[in-house]
């Protein structure tokens, strides 16, 4: 059996307990210590896992012998806590988005590289078997040339206290898109509105312009009657819908398309031919993506491998969110991702 | 019984036969004459309706004793044919969009007013009982303050030869939105791409900014594996989904929302309360909207009433499409609808 | 072009006009004459098809020069009208079910054979491409050994005046089942109830026992809130769902199953292994089954070929309905189909 | 706070851990001891709940100071273990079905009454808020006279080692039906087949005949490609679909029906009028039914109240399953539930 990695978790609010449960269940992890400012959350954790140490002082956790720290605190605290953890020699997994701005993210990336520590960001969907399947469909060429992607992630609630819907929901889609396409967008534009609370956008639309004229559109909302988590990828040969809300048929591959004639004249439109072929729903393994993510974190710590979603990936997503934020504030104009 | 109105139809391609069939079935219409450039289309019409006169010369139709003319020809011909029909003293129903640009639309509106003739545009969805129901939900205040609307109209094909997807599909949603909201957008922006044929957009996203911070987003595409025709209206009290593809449950009213506390402090987020109430699917009468539209056209001719979708409405939709086109070409910047 | 067959239609109520429209549209048919007792129905037909002769006297139709007669009248009249048509030397297509009892059906079968005329029954679903696809899946062995079939055909209404729900809806499923399985049931049992009108069953369940232990269950109801038309075929290798209400994904093939170990011991249950493989939705041609049926009828008349759904098939379905009726009245006991 | 009841659980296979987790989370329960024959299951439980005592000897558990015992072992052991528990003075909750036959069930009911102990059976669905809602719809008269109920509970697997699909899946539907109707069936018939393993039915159809001509049909299968858990209740005024697989819209109430005229003549069929009214999806509280069940068990122990699903209910369900089994073996004939 692999040697156990001693793990501490900072933050036991909504996401922290999921990390704790997974590290608890993974044989090669020793889920040792949890920190949260609220005593009632710590009581709850201790009731579930009596063997786990708890503290309200994160310095106690960073000063302990845990080898790795997972951070699931409010975003504004990510940079400070991750920085201190790295300085204390810990490997770090930070919940998405990595930080509140790109300067902070760059600082963490540099620090981790200097110290030779693993820095990973919790882009959980990159560890989702359906998303991996989608990536393989794209990179294998089965879909042909990729035209565009449309992504929707909406629901009623849960409103976040300190960030808007772009920073809350869009990191999922942005990390999925850059992962499955294997490239980064050059420009981003965004439109949105703040209805429930002043100045905190609860509805937004992002447009990402990738190289090769690939366009991606993302709709995020905390104000929608239905839970929709759906990504459509349209290629020249085939089209795919990935519906994360579907219990079993998450991916549908449509052998559909328009075949364009090689030449072109004034009547070309009448030569367009449509294909309406079979639909295939591949069997996707039923695993918990967060479990895969946690195991990957431990694996990278042990081997020194670069994580699939490393600090640089986290930095790139933050840059995209920043560009989207600039566009939101300037009336929807395109913003370059790299200034 | 009401007196019969003698009707002629210009264009017997895709849409024309539907108009012909409806005027044929309406007792108070005398479906008298059809014009098309292609003899095979006329042969087809004569086979179906032996009593209908056919011609390849539109001047023959305009010179006949028909009282009203319905125009279902390519958009670039709308203005010329409608103009000549009005000059010949005919009442005119033009398929959507009314014309290829706003100057043409204004000309028709002015001409019809000068001559005292009925000018109507075929915004068929305004005669759809589900859309009327949606309008009543909004204007009655049942949904509370309207926040935003999201509309999707996508499918694989049918590519139009001479216009892009914005001018083909978006007129439906633009006319629905202005009808149900009872107001016009001030600014429009649009993004899109042309994948299958050069310079003819086959995928586009429009954002319409209405007064009172109401935002509407429209997604149209000729390149999508699924047929989706869905409009979500989010209000402060209730939310509605209108799904035109659903055979029976076209409208769903969600008694869902977020209640904001009257005061606000640093912890306000914890005071947000969510309502997850009943869902109601009202019974919607099952009528053919085009039948209602044709009967309304005849009614306005007889009574001199202004049509629900009159020339001015057609002009407003064309202005919005023009603004969207300008935005498409300038990188997605907001464009004022009225210059 | 093939020579035209002159066709007459008896009955212009609900189904008759569909036959008339199809024969009207098929180039190799001459839709010549229609008979109905109600003058208003004939007026309607004449308005739609001015060239078609109409009469209230079926003897006039049978005495005319039509070569083929399609019968879409109430079931109790099928035998008499079909008999007279055959005696008058006409080829005959009778709506399903062929007759009100098996004696009548046998009489028609014998008469048609004696006279060398085509006798066909309108088991329309046998001409449905999805049903043909299903049959091929079964007969090719792709599903493995067929275990059982479950069929549901329910809706609210339309109550028939003179027959119960078994004779109204079950003929569809019975003809589909015998067609796709390529065999006839040995025993039938049925249970049901009459809620809305005394003694006329509006809800019923049939169980058909085929050779090789293949079991099929059919649920029919005029009293259900949802329109369901769904057939599940479970084989040892694969399973199929045919959902006729689905607009595009009518057939889904599930690569799912339970693999049984070759030996058996007290713990065999722990050795059962489940397969959860891909789902495939084949593209099914979009044709009107009734059009295919009408063309097949004309083809058989011209060539003398035996129709896919000939009089004998109609007789077998009537025998199964009779056995189901006997079981309905005797408390649900199994009845042999052949006495 | 209520006094804590000390609870022991027999069986830690599939269902036992769910009971253990719930008793662990309920403040008024002291989840004290777990027994299973397999040491690995006990190790697993101890890892999750280090404070819980474990044993492979049920006599140790029955001899301990636990006040209540929950039994989640194979059905053939239910009677012996429940009997010994009652003799040891413990209150008992037995997983459904209560016992393997009605003699055993009667013995337990009598014993519990003699000893004044709570005997409850785990008909979990009776504690499901959607089922309670359905019961209220029926008993309030909102649906009118109840005509019939159709229930489907199918899936691929999980095959049980020692019982057939009737004893595995039908107890859910039988207990739901008797609970929502508030009455017991008089006759039962059943049909089925054993495809995967000899003599163990994996597919079955039950018909239950209740007083007042209410008919209920239940379809259960371990061999179906889709997971369906759906109950349709048809009343004279309204109809309801309860779909347990739906994540949010579990109950849909259809204001649909057929109105029969008060008199009857030969043309009565033309006077039938159909109502196609609104559909309502009530908001159903999102609670775990097993949690409600466990709390109810504890409440009854404390107060001496008779449980909603007491031993007698368990006995009645077993009697219905026995009648179904007799019918399965005699070719589907109706069997009286009470001999």
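Per-chain residue numbering starts at 1, and chain names A, B, C and D are given in the order in which the chains are listed.
Here is the rule we go by: a contact is a pair of C-beta atoms (placed from the backbone, for glycine too) under 8 Å apart; a residue touches a chain by one contact, two chains touch by 3 or more.
Note that the coordinates shown come from a computational prediction; the quantities given were computed from them, not determined experimentally.
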> Counting C-beta pairs in contact, which comes out ahead: A-C or A-D?
Replying inline: A-C
> Of all the other chains, whose mean CA position lies farthest from chain B?
Replying inline: D
> How big is the gap, in whole Å, between where the Cα atoms of chain A centre and where those of chain D centre?
Replying inline: 41
>> Measuring centre to centre with CA averages, how many angstrom lie between chain A and chain C?
In response: 53
> By residue number and range, which residues of chain D touch two or more other chains?
Replying inline: 276
> How about chain B: which of its residues touch chain C in the complex?
Replying inline: 50-51, 227, 245, 247-248
> Within the complex, which stretch of chain D touches chain C?
Replying inline: 147-148, 150, 156-157, 159-161, 189, 191-193, 195-197, 203, 205, 207, 213, 215, 217, 219, 221-226, 232, 234, 236, 239-241, 252, 254, 256-258, 260, 264, 267-270, 272, 274, 276, 331-334
>> Using the touch definition from the top, list the residues of chain C that touch chain A in their complex.
In response: 249, 255, 276-283
